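Next, two complexes with subunit A in common: one pairs it with subunit B, the other with subunit C.
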Partner chain A sequence: MIKTAGGLLLRALVVLSGTAILTFALLWNAPGDPAQAIAMARFDALLTDEVIDQVRAEVGLDRSFWQAFWAWLGPLLTLDFGNSAVTGRPVWPDLWASISYTFPLAFAALGIGLIISVPLAILATKRPGSLLDRFAVGLASIGNAIPAYWLGLILILIFAVKLAWLPALGASTPAHAILPALTLGLGVAASLTRIIRSGILEARGQPFLPAIRRRGVSDRSVGRDHVAPHAAIPVVTVFGLELAFLLEGLVLVEVIFGRPGLGTFLVQAILSRDFSHVQAVVVLTALVFVVVNLVIDLIYRVIDPRIGESNA
Partner chain B sequence: MLTVSDLVVKRGPRVTLADISFTLPAGKTLAVVGESGAGKSTLIAAILGLLRPSSGEVTWDGAPTRDARPALVMQEPRAAFNPTMSLRRSIMEPVVAQNISLAGGRLERLCAGLELPLDLLDRRPDQVSIGQAQRAGILRALIASPPLVLFDEPLSALDAVTQKHTARLIAELQAEEGFAALIVTHDLGYAVAHGDQIAVLKSGRIEEIADAQDFALNPRSDYCRTLRDAAIALGALEAVA
Partner chain C sequence: MRSVALLVIALVLLAGVGPMLAPYDPTVINIPKRLSGPSAEFLLGTDALGRDILSRLLHGARWSLGLAFVISVISMIIGTTIGLAAALGGRLADWVAMRTTDTFLAFPELVAAIVIAGLMGAGTWSLIFALSVTGWMRYARVARGIGLSVQSRGYVVQARLAGLPSWSIARWHYLPSLIPSLTVVWTGMFARAILGISALGFLGFGVQPPNPEWGSMLLDARVHLRSTPLQMIWPGLAVVICVLAINLAGDALRDALAQQDAPE
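Right, the complex of A and B next:
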């Protein structure tokens, strides 16, 4: 067990440092003069070469790649994201402000996805092939096919413009989060419904079930002890992947709904070549992924003890 | 007593079982022999009540068989268990579900009878041999003392030595426990050696049903005679008459 946890942590560490180096290298070698971009973002005017060189030296862009990398990584190890080259302010408070908008939205979307998909899939699989089942599959297919930005605009059109029930733009009240959360959540619900449904159907076909069917084991126990755990493995996998798509969707949705948040934060940082901002978002995203994968790995092992065994 | 009367099972337009009737008294063994596709597995599913017959009836002592909580021993020993659970948990599942309090030492006695070390039960199905998994499957079938046990090709996944061994253990336990056994097999030698009665299933119909010895001596239909002679030629059945 300790060996397992150690291995998983080591893997996490490799992914994190790889991501850090790769992002830094990509940004460092991106076309265009970063010093000029930063200077323009900072002063919002055309500038002389002197000013640009001054910015270059100040931000540390005149150093070698590795010097600059270590200068960034060192403080990062103590969770110090440094200062923004553009605003000069520390990165963390601004990043935290964005997170405080984005993470609740992401959790709301995942929650909506689960609240819709779990009951829908369970109802659908009560009688496979029934009208309800086909309705659920159809709904899920449509949901999967609709892009988030289109759904977002349609929801704005219906609920904000026509019905005027909900606000469309901004993030000043909790009501502002409803439409963006729905936009993301419906997509999550669509793919989860499909995977939970097929997971349950497949789990019901497990070969050992006839051996216990007439032994007094209730349908409920069969569902709980045999069907649900087997169906859970693909669901857990997809749930993790869903989180990845969600981060991608968040960028779009935040822009559509004019919400502050990680997506908006990242787009602005990229446009103004704000290295420390971009890197902070990427490292944070990688950290989220690593933690999610770690948790998923551990859940797998709880569900199926064969997973991760060296002799399996 | 298991009573199957005028059982018909249709799947779509295809008749998989037609006019099946027989009885199996408590404590006795009926061996159902037939080639692949003869309807053996369908018969098991119908007796367990896992599929709805088109017509006819299957009862145990006058009530639906499911009330008797019949047990099933499956063909593929490892696939017969939830792969993520310990054998012990799977074996005890019917006991827990039926809320039975086992007589003291019953598990140990059955384990001894099946030559299964007790600590083996804490392993998962992939951590024991096929033969051990099959004996664990038999243990699960017998643990809650069912009056009727169905065996679906119980030996076919085992090697020759293990087959003989397992067949002997099944017979010994049946003598002790007194359950009625319906054994589906394609091995006529095994059927004749261990069955009180033999039923030959062909294309969903019972071709012949007879006492095992009578059948071995004097099969009535041409098909059954061919079957018997083939088994003798293969050495699966000792030459008789």
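Right, the complex of A and C next:
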């Protein structure tokens, strides 16, 4: 167990450093003059070459690739993201402020997704192939095909424009979070329904279930103690993918609803070529996903001991 | 299987013939007729510059489906090459290839594509590049997995003993057994590419105006949500129908292949 954990940790470190180098290389080699873009974002006026060169020296763009890379990586190892190239303010407080908008939204969306998908999948698998089952599968297939930004616009059209029940733009009150959370949550529900449904069906087909039933174990206990844990394995496995899906949706949904979260932060940073902001978001995202995948790997070795055996 | 074939024909027709059916030039600006609702003259109405929405939608099929095809094929080539290199190239090559795959997989694909396309500067080439380099990992995993399982089969061992070079073994002995699974992965990635293209278009990082692409049409329509809400429905509906159809075809294909393998 400790050996596997060590191996996984090493793998996580490789992945993280790979991401850091790739991001930096991408930023460094992006076409166009970043100094000019930063100067534009700062002063928003006609610029002389002098001003641009001044910005270049100040931000450190006149150094060589590796010099700049180490100058960035050193402080990063102590979780210091440096200062914004555009505003000059430290990155972390601004980044944290945007995360504080994104986090509750992501949790609400996951919650909505689970509240819809778990009962739907359980009801659907009561009788596989029944009308209800086919309805659930159909709904999930359609849900998977709907892009988050389009669903968001439709919800705005119905609930904010036509019915005028809910606010659409901004993030000033909790009510502003309802439509974005619903947009993301419905998407999460669609993909989770499929996964949980096939998880339950596969768990039902396990050869040990008839043996347990014959011993006189009640249907209720079979479902709770044997089918449910088994069906949980694929759900845990895809949790990382689900989180990725959620983040992809978040970027677009925040832009649509004008919420000042992580997605808006990223898009703004890309447009203004704010190197340190882009790097901070990318590294933080990679860190979160590496940790999540590490935890998932460990968790499902614990809930399904067979995985450790076959890999060893 | 028949439904899959029908669907492929339908999509090829949509991208191939669709633009010819368009009643107007999709880029011609007609300000006096701007933001008009559906009428006999403009079946789905016009956008903010007075361009015919139906024509833009039909031409958009070529952009969205054509680009998605190009992107999903490029990423298939990248992924299959990396996966086969991992399976055939020995332990070091395997380690490097799989850790690279992990690195790319560790990051949400669309977010990576947004960063790449955004930094490279908006445009069709950046779009193709961004979505291709973030879309090859599933192919690589599948190619490597099947590659490793084929390794011990008689005909591969024989080819190796006969002294054939690795690339030739990969081409003639591995690739044929890869094709069914790669096709299933491809349908999924084709659908994802359509979603990715329209997402980048919607953020303004993808296909640039005046070209009619479904995502950028949504971006245009968003501003006029209050006055002409229908304008926003069509491009989204087009994306949903295509993605849904491709996903269903992919499911059918996977089931058909699973049935074929079952008796063995």
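Points worth noting:
The rule is simple: the second predicted complex is superposed on the first by the 308 of 312 C-alpha atoms of A that agree within 3 Å, B and C clash if a C-alpha of one lies under 4 Å from a C-alpha of the other, contacts with A are read in each partner's own complex, and residues count from 1 in each chain.
Following the convention adopted for this analysis, a contact is a pair of C-beta atoms (placed from the backbone, for glycine too) under 8 Å apart; a residue touches a chain by one contact, two chains touch by 3 or more.
Small disclaimer: the values here were computed from a predicted structure and weren't measured.
In the superposition on chain A, A:I303 makes contact with subunit B only, not with subunit C. Looking at the superposed arrangement, the partner reaching more residues of subunit A, out of subunit B and subunit C, is C.
When the shared chain is aligned, no partner comes close enough to touch A:A164: not subunit B, not subunit C. In the superposed model, A:L131 lies in contact with neither subunit B nor subunit C.
In the superposition on chain A, A:P229 contacts subunit B only, with no contact to subunit C. Contacts of A:R213 after superposition on the shared chain: subunit B is touched, whereas subunit C is not.
The part of subunit B that touches subunit A in the complex is made up of residues 45, 48-50, 65-66, 69-74, 76, 79-85, 90, 93-94, 97-98, 124, 126, 137, 140-141, 144, 146.
Across the complex, subunit A meets subunit C through its residues 11, 14-15, 18-19, 22-23, 26-27, 30-32, 141-142, 144-147, 149-150, 153-154, 156-157, 161, 244-245, 247-248, 251-252, 255-256, 266-267, 270-271, 273, 278, 282, 285-286, 289-290, 293. Taken together, the subunit C residues at the contact with subunit A in this complex read 99-100, 102-103, 106-111, 114-116, 118-121, 191, 195, 198-199, 202-203, 205, 218, 222, 225-226, 229, 232-233, 236, 239-241, 243-244, 247-248. Contact residues on subunit A toward subunit B in their complex (touch as defined above): 206-208, 210-218, 221, 225-226, 229-230, 303-306, 312.
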